Amino acid sequence: MSEQSPALELRRINKSFGPVHANKNISLSVDRGSIHGIVGENGAGKSTLMSIVYGFYQADSGDIYVNGQICPIENPQSSIEAGIGMVHQHFMLVDTFTVLENIILGVENGYRLAGGLASARKELVRLEQEYALEVNVDAIVGDLPVGLRQRVEILKALYRGAEILILDEPTGVLTPQEADHLFRILDTLRDQGKTVILITHKLREIMAITDSVSVMRRGEMVAHVKTSETSQPALAELMVGRSVLLQVEKKLANPKDTLVSIRNLNYEDTDGVPRLKDINLDLKAGEILGIAGVSGNGQSELLEVLGGILTPKSGSIRFEGQELVDSKAFTARNLRKIGFGHVPEDRQRSGLVLSFSANECTILGYHDEPEYNRGLCLDRKAMVETCRNYIKKYDVRPPDPYLKVSGFSGGNQQKLVLAREMEQNPDVLLVGQPTRGVDIGAIEFIHKQLIMMRDAGKAILVVSVEIDEVMSLADRIAVMFDGGIVGELSAAEATETKLGLMMAGVKDAQSETKAAI
Amino acid sequence: MAEEQVKFGATLKIPGWVSYALIPFVNLLAALLISGIVILIIGDNPLEALKVLIYGAFGYPEAIGYTLYYTTNFIFTGLAVAIAFHCGLFNIGAEGQAALGGIGVSLVCLYFDNLPIWIIIPLAMIAAAIFGAAWAYIPAYLQAKRGSHIVITTIMFNFIAASILTYLLVDILIDPNGQSPESRPFIETTWLPYFHDFIAMPNTPLNISFIYALVLSAGFYFLVWHTRWGYEIRVVGQNEAAARYSGISPSKNIIIAMMISGGLAGFVGINELQGVQHRLILDFTGGYGFVGIAVALMGRNHPIGIFLAALLFGALYQGGSELAFEMRSINKEMVIVIQGLIILFSGALEHMFRPKIEAAYRRFARVQTMGAS
Amino acid sequence: METFQTIILLLDATFRVATPLVLAALAGMFSERAGVVDIGLEGKMLGAAFSAAAVAAVSGSAWIGLGAGILASIALSLLHAYACVTHKGNQVVSGMAINIVVAGLTPTLGYAWFSMGGQTPHLGGDARFKPITLPFAEAAHDIPIIGYIYSELISNHNIIVYLAAASVPICAWIMYKTRFGLRVRAVGENPHAVDTAGISVDWLRYKALIMTGFLCGIAGTYLSTAHGAGFIRDMTAGKGYLALAALIFGKWRPVPTLFACLLFAFTDAVQARLQGVELPIVGVIPVQFIQALPYILTVLLLAGFVGKANPPKSIGVPYIKEK
């Protein structure tokens, strides 16, 4: 091992899943003691590549070098031994265990637990101090907030002696402020000589924290650059392969009557935890209301209450003056009938039935409409016909109404859902994460459709965890934190800083930032 | 990642005959192979046994009658398990639901036997359905509203049903003129007509409930794939979150599907008690409920598949009795072994051969298309 | 004094009935805590009962029988693992299949090998585990109460009863104080965490299932070579399901599970005494009701009417890497 050799080097890595070439001839070199970013769109192959480095998958060909030495990584065990640690996007923790138990899992040091737990406790005190990573080691992980769980994951890696730390989309669940805290930790790690690899699709983060950056596109590595020598637009262009319109083209909104007015809406989950707290919102015809916030702050519940999936605990939802809550009519089915369309946050979890054919999914939620029924029977012909029309209008590929939904790509699945919900011509359209996991081409299409709906006088609610998306789509933005609305801004007033502070629950972010100016 | 894999993995469709004929056949073959080895171990000739089995099941008119009589039970329980599967539920309780259905049938045949047969028949059917459905309702309700796992509760309910049946036969319904725990015989006017009453064939237990089973199979197909109610059940079974999202109530459909399931299982009582035994006896359910699981698995929850699988198991039951009679070291339990092995291979080990067969088919198909283009 | 003696006799019977339940329930604990549903406890016990009786009959040694019982049960456990872990098959279906195969196979083989209508020969002498008289039991017999309890209730059981009693603290220790236990509990909650910690999920589940097979083997052996004197077809008679019910009733923890087993066994012992006895107020309780009581209790527990059961989070779900 020489001082000059890179901490991690990949040479011509290839990986295919069936006919999908997820990683094509990837080469990468990461310097020791640096923070290296890897950016790319969803599905560009970043996660696959890191899974190979972590031993989760085996590369079909290519070599991995750690500290200049060839290092065959066959499973997570050999990767850990090579000094590689990974913080996964979905935390790999046992919720019922304490922090300490989670950390020693797999490195228990002998068949009896007692000794391992005691020595781990000592070692953790040292690690916590060295890297400023305080956490109560006896807390049950399931009780910890997300930010702390992430810290446990980092500690887990460090406890295993990781010299190279890979973080996969670590800020997805954090507020901008929490993300900043994470970046400070990563800075400390770098100062202590650790190597950090940051996988993200957020260019802002790359610019803020990394020393160098590699860009992936469609399974290929398209560029390696020094962060100081590039810019966000340049990186975006590299990611997409052409210059990107970061702003959606739209006219100024022309809001009309309030269609839906929500007053003091409260919702408690089955455990009695309040998830929505005194929500007040108005949805106006001809306007897009955007809901920003870090995921898990009540946006999902808000959508599901408005979609009739969850029943509110108290409060009022009026639609064209008519009270919806407390009436028998407050069900998902009836809301659809009176003109609510709902594109759910997670199409695969709830918007579609993956094992059904496209035409069967065309009637999901509308299956008892007369147009799809003839007497006791479902009208299969009408279903296929409608599906064919949707496919044509929304350019779904492949154009096969009989294909199983699982056979379509994410973007095309999303188009199927959008078509179903938009073509019923609702007055109110609820949209969760409109472009999650959708490729750039489809994003533009979906955004255009939403603007068209708006201009046709519909009231649209868009929930997204992507600040950029909310800022570019919405005419008015409400920010949610801890189940409540922190505040509302018009699109013109909104800046990333203001929204960021509000997402962290700072109530008077508006005035504060104004004062700062 | 998984998404992409699915996307491209599905580009080449696996045709129906591979999924619904070839793979079940290979699984069946594997089960029979192991059964053959067992027969070898106990010192008999498996091929000889197979010959006896097939002859015993189909070789002469009487055998066919018996085979179809068993098939009837398996169609009922197979459909019962299948409708629950369509709703994503594992109904291990068909055995207990059949027991309760039988109690319902018996009550009608014992206490309403002054009514004419054309009233008795629908009345007994309704009683079977209601009793079976009611017995399924409780686990279904507990699953839907309180989240108790239906597999465990239906297992428990089988035992409770057995206790109820024993209690009734020992303490309440026991024939005052008899010693054994069984009811008095139903009077002849309540019996279901046999096939041999209508067509020229030897006397067998085969009765009109076989026709009823076929009618129900057709109804099952219609319900599941061609009505909005079947659509709802399937949505709940495939994706509960999607059901809630689209305004389909999972709990309502869980309860409905389980009640249909229990009702179907209850019809075993029609065939067994009103059709053949003509009295309520202990253990008349004879494991049919459990075999229903195998039938549904093999039949891939489709009525045609279920009919074929039911026929297979009917043949196994009938041929198995013949086998026990004909061959020295084989007794009736051998059939249970074969049953279990079929459940093992077509259920638990369904992923053992499937990927290999599908991959082989894909290779084959690709070579073909390449050759063509 | 007579009431006292009755109670002692009841408890004595309770211990005998509870022994296979405790062993089988602890067996199920390893499997289910590792995330693998095991309704095949019944089949494993039955298979072990047959193998133990058959081998004990031929070899004349109960200990060799025990070995054979354990091996048979482990083999069935491995089959379960092969189907559910290696091939990601449905765990309920697999357990069901094993129960049915064994229910058919044991009398088939018994019939073929011993020609006694599916049974094995009557076991006597060293081919059966006999009661052990603990030291000083006879001398202590006449000491009032304590001596009587010692000699009648504590002493004079066969070795497997004591083994079952010892297995509770041992299994609790393994589950909560060892690396293996930590990993088993982790894999039942979140197999992804185990996998990324560099531990093989499949192999871990195999090990847990081998443990299950081992304990079930002892339970089955007890039925045919200690409690009984030979194999009788279907001699488990639902004890595997009862053990599963006890495990759930005990919320997948060793000590509460022990008490659930004792409770179920006690109702069984009481039921034998209550047959036909007129009780105040309620009158004669049908014996079938008491027999069904454990199942009814378990249903009530699962419905949340008596406490709340929190099963291991990933139970019943095969582990598939892509996620």
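So that you can tell them apart, the chains are marked A, B and C in the order they are listed, and the count of residues begins at 1 in each.
FYI, contacts are C-beta pairs under 8 Å (C-beta built on N, C-alpha and C of every residue); 3 or more make two chains touch, one makes a residue touch a chain.
All figures in this text were calculated on a predicted structure; none of them were measured in a lab.
Enquirer: Which chain's C-alpha centroid is most distant from that of subunit B?
Expert: A
Enquirer: Can you check which chain pair, B-C or A-C, has more C-beta pairs in contact?
Expert: B-C
Enquirer: Counting in whole Å, what is the centre-to-centre distance of subunit A and subunit B, each centre being its mean C-alpha position?
Expert: 45
Enquirer: For subunit B and subunit C, let me know how many angstrom lie between their CA-based centres, rounded off.
Expert: Roughly 30 Å, centre to centre.
Enquirer: Distance from the CA centroid of subunit A to that of subunit C, rounded to the nearest Å?
Expert: One centre to the other, that is 47 Å.
Enquirer: List, in ascending order, every residue of subunit B touching at least 2 other chains.
Expert: In subunit B, 1, 5 touch at least two other chains.
Enquirer: Please set out, as single numbers or ranges, the residues of subunit C touching at least two other chains.
Expert: Touching at least two other chains: 323.
Enquirer: Subunit B touches which residues of subunit C in the complex?
Expert: These residues of subunit C touch subunit B: 37, 39, 79, 82-84, 87-94, 96-105, 107-109, 111-113, 118, 233, 238, 241, 244-245, 248, 286, 288-289, 291-292, 295-296, 298-299, 302-304, 311, 322-323.
Enquirer: Under the stated contact criterion, what part of subunit C meets subunit A in this complex?
Expert: Against subunit A, subunit C makes touches at 176-183, 185-186, 189-190, 192-200, 313, 321, 323.
Enquirer: Inside the complex, what are the residues of subunit A that reach subunit B?
Expert: 17-20, 22, 43, 47-48, 307-309, 331-336, 342, 344, 348-356, 360, 363-365, 367-368, 372-373, 376-378, 380, 403-404, 406-410, 437
Enquirer: If you look only at subunit B, which of its residues touch subunit A in the complex?
Expert: 1, 3-11, 222, 226-228, 231-232, 234-235, 238-239, 241-242, 244-248
Enquirer: Show which residues of subunit A lie in contact with subunit C when the two form their complex.
Expert: Going through subunit A, the ones touching subunit C are 54, 56, 75-77, 79-80, 86, 88, 90, 92-97, 101-102, 104-108, 110-114, 116, 156.
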